[in-house]
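Here chain A shows up in two complexes: once beside chain B, once beside chain C.
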Partner chain A sequence: MTSVTSNQLDAAAAEAARGRPVRQRMSRDDLLMRIMLVLLTLWLVGTVLLPLGALLRKSVEGPAGEFVGLANFVQYFSNPALTASIANSIWIASISTVICVLLSFAFAYGLTRTCMPGRSVFKLVSQIPLLAPSLLPAISLVYLFGNQGIAKDVLLGASIYGPIGIVIGEVFWTFPHALIIMTTALATADARLYEAAAALKASNWRTFWTVTVPGARYGLISATFVVFTLVITDFGVPKVIGGQYNVLATDIYKQVIGQQNFRMGAVVGLLLLLPAVLSFAVDQYVQRRQSAALSARAVPYEPKPDRAIDTFAFIACGLIAAAVLIVIGMAFFASLATLWPYNLTPSLKNYDFDNMDGGGWQSFYNSLKMAGMTAVVGTALVFMGAYLVEKTKGFHTGRFIFQLLALLPLAVPGIVLGLGYIFFFNAPSNPASFIYGTMAILVLCTVAHFYSVAHLTAVTALKQLDQEIETVSASLRVPFFRTFLLVTLPVCLPAVLDIAMYLFVNALTTVSAVVFLYAPETTLASIAVLNMDDAGDVAPAAAMAMTIFFAATLVRVLYILLTRSVLGRTQAWRRR
Partner chain B sequence: MNAPVTITQAEKPYLVIRSVTKRFGSFTALQDIDLDIHKGEFISFLGPSGCGKTTLLRAISGLDVQTTGSIHQDGRDISNLPVNERDFGIVFQSYALFPNLKIKDNVGYGLVSAGKSRKEIAERVSELLGMVGLADQADKYPAQLSGGQQQRISLARALALSPGLLLLDEPLSALDARVRARLRGEIRDLQRRLGITTVMVTHDQEEALTMSDRIVVMSKGRIEQIGTPDEVYGKPASPFVADFVGRMNFIEGKLVDAASADCRGAVLKLDSALTYAPGTPVTICLRPEDVVVRDTSGAANAFDVDVGVMEFMGNHFSTTLHVLGSNLNISADLSMNDVRDLGIKPGVRAKAVLPAERLRVFATAA
Partner chain C sequence: MLRRALFAAALAVVAGTANAQELTVYTALEADQIKAYQASFQKAYPSIKIKWVRDSTGIVTAKLLAEKAAPKADVVFGLAATSLMSLDKEGLLQAYVPVGLDKIKASMRDPANPPKWVGMDIWASAICFNTVEAEKKKIPAPASWADLAKPAYKGQIAMPNPASSGTGYLMVAGWLQMLGEEAGWKYMDALHENIASYTHSGSKPCRQAAAGEYAVGLSFEYRANRTKKDGAPIEAILPKEGLGWDMEASAIMAATKQLDAAKKLLDWSVTEEANKLYAQNFAVVAYPGVQAKLEHVKGDVEAQLAKNDFAWSATHRERILAEWTKRYDGKSEKK
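This part shows the complex of A and B:
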């Protein structure tokens, strides 16, 4: 090269370069990351997309597997006994949504905008429903207001078995979900707007309606759709306390488990996808707006003590918290009673699961095992996927497809996903059909069911890291997995543990997705609750639900203690 | 090869950029860039946001390769190489330090993968830390250091593998004014000492003027001017450069003949040899600090002026001078000495010279 003239070099370079598009050679890192991302994409295709496809296919098939077009749908809509459930579901979901959003708004307002005492306790109590399957509040309501309920007279002769019971149970169960959204929406307020309103001599009432509510409007919209979807797709509460009142989610269960009519189950499942997909779309839209509405220059709002407002908030939040505690306490109390309502002497008779139907203590151990595996496998997959989709260079189409698939489970109700799994994995032509009836399919399904929220948590954590860290590593010629292990993973450890915890608790309490997939050797605790209640063993069902609750609580406490010590040691660099 | 002249290594440019174009969809971020950078040079890419300076740096580093065109570094075609097969160290505005690693591990990060022994690494790290004057901070975490210190560590890390090219992406923009001024000098000293070829992206003209051997002024994806700081400031190649670097009077006028122009009723003598026909509209540029108010007798372009409002700027006064008998107003920076000695006050009449050799003349774009 030393004998080349600069003119020659120039001429040669210019000629060769002009017009010819430059394609960057892929480094080994790039190639490896793309391959891994493709593998994870295939995994999501297999555990989310294909089962949904199988469900869709089933809905247009006849008894012999032949294509029948929309005949199944025609049959469904011509049966008034079935279509009545649509109206029922919408009615129940609407009422529950209105009540739940109002209550959660009031509660969130108390937590974020007042100086009422005991806010941290209230916050803790409000999270209790997350630690129990949705069956638990329903069982508790049976003891409170059922035929032998202790507060039966409060209903003035109306029956708890039906819409009243479903609505109360659903509000209890969805309350923490709505509360998380509302506290986030209310916590991010710009103090300057309030100062401006005060300077303009607006009354508190006017400020509330012109500043507070508009500021939280995206939270209100988001919470509305989330709660509506949760309620309309939940099957635990109506199953236990619905009585003769049919809703879509229980219809699927009855069609599939009761009548073995899989095609009709598929039709109802597709109907249930509609509100979930709609809610998903609205939520995506709202989240984009919400982040745009917050400017970096905003001054955070700090509530000031106000005796009247604080007292009022304390009473309101106190009533809500008391209701939560009563529901949990009732179930616990009933599970300890020797023979409700005649012999209330405390005993552990109802916890003697091995001498009852439902799988015994083994189902509880199965649940722990399943939740543990879901947490480990799920966290690894989710974090890897989020890392790859965020950090792979180029490959836009591949990353876009993965991102779509990662968010898709958010729009799929658990019971619909579970149904899809039957069709997909039970097909003899599927080479993976051997996992049908094993623990593996339960883990697979649960990971897929809760994938999206975990994925979003991971992506958020990764986005908080300096985006140039990978560039610097590459310029220092350090392979990506080294930086992943030495920097990215340790820095994101809190988020990783959060994801594991989220997956564990949800796997422990979930009923909907796994209800179609368990086998006699792999019964789960939450399924046992369902089956015992179905068999009339309500007290043991309450006992099993409480066992799940205690296990989830215990794990959460251990998690807090553990993360405190682990994070204390590994996150020293966060301190200044 | 049939080469007429064998050129030496020193004369051959270290970085040769030829016809580099970068398109994002229908938007052209870089248009046909040609640029030679010599070994040991400190080059700044200067321009407003969106001018393509960062895009060019990202093409050189391989973070975002050019759509077409070639880049040679040290005789090697690097146009399509992935980032980790190129030879550069990089410093970002955000420091991009590994937050969970101690300072010494940050600096030694690349050395470990390069397969150096523990002892070699420790020695090199302490050498680098000494070089940036932070030898005593080795065991701290990044968050425990100030912004300026963090940026020095990031510099030390970029230099650890002794790269042939140092890329600085707005390295000082996140720092406050005082630290920025000090770090400017430190980076420049270090660069001279190591003789490392350096490319810095900046939107801060002062930074570019004080640190660079040559400045590449860019606008709308094209190079407007390449020159030493002196050239870019004193002899801007286009009205854009004249406007972007420093403050400037833009005087609209019409050529009377090859050496004078009528500007709103005041006739200015020009020094530049112009080939435009009389009557051509021109833009005449004059730095406010080039207006002379002392010893004006006998000079060309001396005018009687009325002094307008005077703004006190600390080390000088900024004012507007109205040229009597015309519609011409000129911004002028007057030194404290001149103001004091000549008794210049708002509203007084004075003499001012617009020195012909300081006027830059451009044909006005139609």
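This part shows the complex of A and C:
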């Protein structure tokens, strides 16, 4: 090392202070990292950006592939039957959002701000909807409130097929998503504000509206947009229980699968992209604001026992949890009935998938395989990408582009991504077209579909690490990959397992993106649920959905056991 | 990483082409029919392996059209003849004279010589009527299509969406031909008032009737027969005005690389043995003399078939579906 005089250091510091960074010579490590980052960027371009581009192109093409400008859009907007779906979608999504956000706020409040008993049980129950495809609540609602439903009188003669069914199903399915956001928002509060409120003799009610709600406002906004987007882009629930009530997501499916009209499907797909992109933008904005909401001097708020509030919260959360359990329980019960509703003798007849549509038990094994591959490949890619984008020195443009691409899937509904994949990968001119119809394309698409959340988890974990680890290893001339394997990876193990788990469960339950991409050897369990319901085999569809649910639950339990034992050993340093 | 994914993909492709005698067959046959057909074919030609791609008529047709540039199928087996005619128009099929073609009924094949497609059986519309629910709700059994437009059936009927379901399309095409276009649409307007649900597949209405979800399911005779056999409290009714129908037929794709094996499958499809298997599911099959009456369907399906011009039905498919969608699909349920 050449000696550096203090003068030179001072000059460098002064230069840095003026905003011009010190130019360092790029080491071999830096070069390697940049090349890898570029490769990963290209991978995201190929699996996210180009398929979207193909979709965009399709929407301005005529039947023979010629450019027709906005003709397809004009045709779409001149068909009142189709445009009615826009209003329907917005209406459904708005109602579901209001209900879901209110319920999740109440539930999160119970979990974080009260001392009600059974909070850990409530927390577990609230996560149940994540473990099943969105088709499951819809099927269950048919058994609960359909024309032969055991509780149909509750609806006072109204039909479950249509807006009512869609809203209930969507609220069930999106509840855990909103709850995670609301719990985070309510978990962090500054106790000093509550002390001040108490000192000023403000009533509980007043404190709630002037301290609690404003404190959680970013969470509320974020949850609102997340739920709205999830609902407006989901097609599982309206597909099963929507009846004649058309929404945008089911229109895409009908246009593409039912009517062979790929161009119109592309048009509707682009329309669906709008709310998702808007929601994404708002969420990004909110997240930036929220980080500054809590100052370093804040004192964490600890709820104190309050008999009235605790009892009330227990009842409210208990009702919500009971509703979740009833929906799952009903589907399980129906899947075991011999011939609903005339012969309720329990049998496993509906689990005899091999004599039905959807690919039989093989589709379940395919799903496990696909989810496993997605978890392994996806976690490796995501974590590497996050590491490179966090730790590469300089290279601002490259990192910025990667970061943007990594977050892009968050704004792309699965059904839109899947449609883009058909156009992109089934074009004979695409050198990668040979993966069309294989397991590989399902894995590729699913990794891309769920990339963003996994990426954010990884980035958050990496940010917690002291930057000095890299600096020290660099000065000791340890290659970055050794530091990565020996220090960074083990330290971030909880996040890595978390990502793998997230990818696995989502790959198991997703329907939207893969519905256009499966082939006969790669039928998936979640798609089988859809196809069996379509063929009228509703009870077997419930049975397959329950099979997925049990598999996801089992994996989840294994994950908890694994993290306990592994993390016990590798994460001891976190405890003081 | 990417390389790993590509490697996995490459492996899958290699595994797929390793067996030269593998046929990719697109079909709209019911999942519960395929097994018997497959077993019989396998016995005759043990070296040919079939990879089935099964879906509703509309979807199989859509898939084949979408893959026009790079067809994946070798044979289309058991798809509506009207759909095969649209595929033929796109130049996707190749002509072939199966060994034994002269033995099947002249009406059950493409009239062109050599034929682009050969028929297997005829599938016709039928009504599944739930007797338990009917008694509870005092709904009379329908005897005709006209009956279904009466107020007694309001909110009690499920019907397949013709855009996705072949069974749905043959009903609509049947009404339009029986009544004429104007009266046909008028009938459907009236029927629409009674329809509770338009389903994706032709089987679902019958299954829903079987589960008592609705009292009446417009479906087809195979599903009606089968559902009743499974123990559901339904009657299979053949409406007296006549039945809409279509033909399940098979064809070889022009782009196939497995021509020999493809020919074998078509040869098998016109044999007496194959037709005996079809006859277990359908009342009217291509081979003369092989006729089995369906156990649970009353009446004579063949005698009741309405006059049906396939060419008309195929040519106007797109226009009819567009009109149907405009009239009924976008109309949302009353809130």
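Operating definition for what follows: the second predicted complex is superposed on the first by the 549 of 576 C-alpha atoms of A that agree within 3 Å, B and C clash if a C-alpha of one lies under 4 Å from a C-alpha of the other, contacts with A are read in each partner's own complex, and residues count from 1 in each chain.
Operating definition for what follows: contacts are C-beta pairs under 8 Å (C-beta built on N, C-alpha and C of every residue); 3 or more make two chains touch, one makes a residue touch a chain.
Model, not experiment: these values are computed from the prediction.
Participant: Is the number of chain A residues in contact higher for chain B or for chain C?
Facilitator: Partner with more touched residues of chain A: C.
Participant: In the superposed arrangement, which partner chain does A:Ala519 touch: chain B (first), chain C (second), both, or neither?
Facilitator: So A:Ala519 only meets chain C here.
Participant: Touch check for A:Asn426: first (chain B), second (chain C), both, or neither?
Facilitator: Second partner only.
Participant: Quick one: is A:Ala572 in contact with chain B, with chain C, with both, or with neither? Answer first, second, both or neither.
Facilitator: Touch status of A:Ala572: first partner only.
Participant: Using the touch definition from the top, say if A:Val487 reaches chain B (first), chain C (second), both or neither.
Facilitator: It touches chain B, and chain C stays clear.
Participant: Which holds for A:Thr471: it touches chain B only (first), chain C only (second), both, or neither?
Facilitator: first
Participant: Classify the contacts of A:Asp30 with the two partner chains as first (chain B alone), second (chain C alone), both, or neither.
Facilitator: Once the two structures are laid over each other on A, A:Asp30 reaches chain B alone.
Participant: So in the complex, the part of chain B that touches chain A is made up of which residues?
Facilitator: Those in contact with chain A are residues 1, 3-7, 9, 11-13, 16, 18-20, 34, 61-63, 65-70, 72, 75, 77, 79-86, 88-90, 92, 94-101, 109-110, 112-114, 141-144, 157-158, 160-161, 163.
Participant: State the interface residues of chain C toward chain A in the complex, per the touch definition above.
Facilitator: Per the stated touch rule, the residues are 1-2, 4-6, 8-10, 12-13, 24, 31-32, 35, 51-56, 58-59, 61-62, 65-67, 69-70, 72, 132, 161, 163-164, 196-201, 203-208, 211-214, 230-233, 321, 325-326, 329-333, 335.
Participant: Per the contact definition, I'd like the list of chain A residues that touch chain C in the complex.
Facilitator: Contact set of chain A toward chain C: 39, 43, 79-82, 84-85, 88, 142, 146-148, 159, 161-163, 243-246, 254, 256-260, 262, 339-343, 355-358, 373, 377, 380-381, 384, 422, 426-428, 432-435, 437-441, 443-444, 519-521, 531, 534-538.
Participant: For the complex, which residues does chain A have touching chain B?
Facilitator: The contact residues of chain A facing chain B are 1-6, 8-10, 13-14, 16-27, 29-30, 466, 468-469, 471-479, 482, 486-487, 490-491, 570-576.
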